[in-house]
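Next up: the structures, one after another.
Paired with subunit B in one complex and with subunit C in the other, subunit A is shared by the two complexes that follow.
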Partner chain A sequence: MSHSLNIPLIKILIQKDWYLSRKLLALYVGGSIFALSFISLGEWQFFMGVTLLMSMVIGLANHLVTSTIINERKEQTLPFIMSLPISPTDYAVAKLIANKSLFFIPWLAILITTIGVFTFTPIPDGLIPLSIIMCSYLLLSYCLVWAVGMIVETEGIVILVMVVLNCLIGPLIYILGSIQDISSHFQSATQVWNSASIGVLLLEFFLIIASLVIAFYLQARKKTFL
Partner chain B sequence: MQNAIELKSVSKRYSDFYLDNLSLQLPVGQVMGLVGVNGAGKSTTLRLLMGLIQPDTGSVDVLGYRLPEQQVLAKQNIGFASDDMRLYKTENLRWHMQLIQSIFPSWDATYAEHLLKVFDLNAEQKFKGFSHGQRVKACLLLILARKPKLVILDEPTTGLDPVAREEVLSELAEILRDENRSVLFSSHNTQDIEQLSDSITFLHKGKLLDSQDKETYLDRWRRIVCTGDINSAGLGIDCITDIKRNGSLNEIIVNQYDDSIPERLSALGLSVSSVDRMSLEKIFVANVRAGAKA
Partner chain C sequence: MNSTAESRLQELPVLNTRLHYMDNLRALAMLAGVFFHGALAYSPMLHNVWPSADTQQSPIVDVIVWFTHLFRMPLFFIIAGFFVAYLVQKRGMAGMLKNRALRILLPLIIFLPLCMWAVIAPLLSAVASVQVKSPVLAMVAMAMATPGTPPPPPTTMHLWFLYNLVFFCLFTWVLHYVNWQWLRAYFNRVTPLTFLVIFPLLLVPALLSVAAPLPAPDSFLPQLWSFGFFGLFFALGYWVFGVDNFIERFKAYGFILLIMSVGLYVLFYWLIPKHISIAPPSLVFWKKLIVSSCEAYISVWMSVVCLVWGKIYLNIHNRFMRFMSDSSYWIYIIHLPLIFALQYPMMDKYWSLLAKYSATMTVTLAVGVLSYVLLVRWTPIGWMLNGRR
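Let's turn to the complex of A and B:
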């Protein structure tokens, strides 16, 4: 199905997804700001804030995929969208840009704010690499869930992938904690980036790119779109 | 005459369904009714025409564009609505109208307001509060107000109450006055098809049973009631679709009627008591039964 992209309509579809997700976005960004507001006030506030912050980012990721991709099929608004002058590739591009921007902008804002909070409060700066790796894992999880949501048409599989990826957060923290080159710097006054932490981060970004490429490849090979 | 739709030897295989070598033409300005039971292949055909399914073999051309490759160009001038199509429930109809208006320069705002009144729709009402009939009418409004050259409707009147159905049919009849607009619609309701269409296409189990202009098609079919001892094998009439016997009373359905048939039946010793034209509904049932026996 080779053709040039219908850019004006892709822009309209991106705006549409932003408009339809505006309340969702406000809810999760508000929750994240609330979590960051008390994260540096003490030990239990730190753990509670980190838990709430991660929950907000995970919630935003899963909710976005559900509302903009899964529900479009489940609530049968997809036939309406596909009756417009777009191809399945246009649809995939619109969903990619809309979803990534909807998630990436608040994700980046939360990441920068988290680094800021860690830098300007008594929380050890040595935790910054771990925080960035974990935030990147949440971005990777979101991209994987998005890719599965685009490729498969079964809601159950998408939910299963969401659950599995969320369950991997604990083991990932455990594994990072057991890597001496990373965990030995957690209590440092300055952040330390070495080959171990940079390697994990690069692996995450490689998987992000791979998930997007595979999603587009399989989308383009679909012979039945609806 | 140029064709708005042209399918040539199109096949599509699924695990439980096979659309078998379908060839079909819809000339510009014509209205075609697509008839068939559930699973006949109507929705698959309509989705092929929207470029949403890639055929395994054959070619699909719509408004002069090859699908699915050129579906973006074709869909600029296609208005498509199906009974499983929904709008965004958290938004109102006005928002949807503005969305469509931003995409299609051909959007006729005056006509859209006219349709709001005719269909008795509240544009400020959120879609989640709409009844089924209101949903169907809202979808029709969104496609009709952009004045497409080709309208494709999948079961547009299914589930509508008589009033809503009449409103929808009369508005469809109105748009059909435009001689350059072509319409293809599928329906279980043979009355709608009989009322609106210029030609009729029958699908059954993925196969094309018939495709012909309505008058010729309806004229081909007759229900002949006769009495006497009947032996279908010995009748020598190929176009008999069905025979029902009740004692000595026989009901014969023929699908290629000509005036010689009653005389031939009389010559075989049968007493013909009536020869009646058939409604599309009766033809539909006879066709499906014949397809099931085949």
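Let's turn to the complex of A and C:
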């Protein structure tokens, strides 16, 4: 399969996704700043702010996949894209870069802010590994939803995967809390990275890479868009 | 896209002439901050919380500095909002964000760590060398002598205004997708008198949630009250840009607003605590409501007075004013470490308050101006802060 990528068109497709998602991004950036400003108000406001912040990340992830992949098929944008001189691989590359950059930049900003909050406030730094694992889970969820969206392009299945992954947040926190090597350091003044926490994090990153590779491989094997 | 603020701003005639009074007012607001921070060492009210608090104190300092404190930064944020609207009109939303990233975010990233180091180094030196320690220096000395004492959380210090401006610029982008036509139409119909009565009321909830006099929102966590106070002043400035003759409408009210603000300030000063500690004393609700209302009305009314009189008396352009306008940003960035470094050694000297304050201000401004001329004006630092000449 010798195929050279149509770089100029891929760039245009990325710009298109960025342009069409700008309002969405603005909404979630505004919501995230509001959530952050809520965190410092007090104890219950802290939990509300953190929940709101997580909701913003989850909302952005799900909204992006729906608007850039599912709606493209539903609103008949895909037939137009099919008329362009691009292959399914070009399309997959454009979607990968556009979606990942749209999500990854706000996600990274939130991750850095979260670490900053724990480091610079009296909240125990021992919660940092848990926070990083949870943030990575949100990235993993996004990558899985994106991969499923790219492979099946069916709204119902994508929504089902979104729901399942969101439902797993609570059990994940419970499981992490029951792993003694991780939970015993929650109240520590310093962050503790041991084989258990590093192992969970590595597993998450392995799954992220696997989901992207599988989605990309299956997309590249397609001869046509249909 | 016709309903967006950006497109409406683009409908306005492009502003080609430089608004000298806005430049000059901004410079004055910045330089007033230098004088404000220099005076805090002699404030009885802040004696317990200011690192370079001196044994020489005077209530007159408090009376003067807290009055200016109520409208100095609100005025600055009105001007900041005004110029952001101007940038949106001139360069579009993306151009504005790019410009603000270069002029605000980049200086914040570069100078905040440097300023932190420049504040902490003299502080640690003062803990070891100053004999007549301020309560803060004594506390730091005790903390250093007690192993295991957690360090205080870092703050954005006096550069908090840059940090907040970054968020306000982001909010400008976020909110420009909302159709504000109805609100603009309503505000455009509002008479000066209604504005002067209603707008301050919008600020009261934010002020009720913080201590009085209003503190600096210098935490790394964005402060909701700052969005509801300084953010509204920023929004006001943004709106003022698109309104014809907004400042002229208030010409007749200048003097009366000043008199009424001074009257309210007497009440405000009478009610606020005369000594502030790290955990500020709480006021009973009715007192807090009056104090917050006074703060809100004084900040709006005095900002309007400054805008009106600034347009009349500061709409001048000469080399001196342009130099002050250009250099004020740099002087403001470096002034606080300089002030601390100068005031720590003076804490053991038996000079009068006026002598210490004059010496601090003279040396700070001289170093600020000289360093601007030698290191900033014609260098990439100057390009970053004020643009290429």
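Methods note: the second predicted complex is superposed on the first by the 220 of 226 C-alpha atoms of A that agree within 3 Å, B and C clash if a C-alpha of one lies under 4 Å from a C-alpha of the other, contacts with A are read in each partner's own complex, and residues count from 1 in each chain.
We take it that a contact is a pair of C-beta atoms (placed from the backbone, for glycine too) under 8 Å apart; a residue touches a chain by one contact, two chains touch by 3 or more.
Everything numeric in this text was worked out from a predicted model, so none of it was measured.
Chemist: Using the superposition on subunit A, decide if subunit B and subunit C clash or fit.
Modeler: Because the two structures are overlaid on the shared chain, the partners are seen to fit without clashing.
Chemist: Put subunit A at the vertex: what angle do the Cα centres of subunit B and subunit C make there, to the nearest 10 degrees?
Modeler: For this superposition the angle at subunit A equals 120 degrees.
Chemist: Using the superposition on chain A described above, determine whether A:Leu27 touches subunit B (first), subunit C (second), both, or neither.
Modeler: Touch status of A:Leu27: second partner only.
Chemist: Where does A:Gln180 make contact in the superposed view: on subunit B (first), on subunit C (second), on both, or on neither?
Modeler: neither
Chemist: Now for A:Ser83: first (subunit B), second (subunit C), both, or neither, which partner does it touch?
Modeler: first
Chemist: Taking the superposition as given, does A:Ser195 touch the first partner, subunit B, the second, subunit C, both, or neither?
Modeler: Neither partner.
Chemist: Taking the superposition on A as described, I'd like to know which of subunit B and subunit C A:Ser40 touches: first, second, both or neither.
Modeler: second
Chemist: Please determine whether it is subunit B or subunit C that touches the greater number of subunit A residues.
Modeler: Ranking subunit B and subunit C by residues of subunit A touched puts B first.
Chemist: Taking the superposition as given, tell me the minimum C-alpha spacing from subunit B to subunit C, whole angstrom.
Modeler: 9
Chemist: Any idea which subunit B residues touch subunit A in the complex?
Modeler: Its residues touching subunit A are 47, 50-54, 68-73, 75-76, 78-82, 84-91, 99, 102-103, 139, 143.
Chemist: Once bound in the complex, which stretches of subunit A touch subunit B?
Modeler: 1-3, 6, 9, 12, 16, 20, 75-77, 79-80, 82-88, 90, 223-226
Chemist: Give every residue of subunit A touching subunit C within the complex, in rising order.
Modeler: 23, 26-27, 29-30, 33-34, 36-41, 116-117, 120-122, 189
Chemist: Quick one: in the complex, what on subunit C touches subunit A?
Modeler: Going by the criterion above, the answer is residues 150, 153-154, 167, 170-171, 173-175, 177, 209, 219-224, 226-227.
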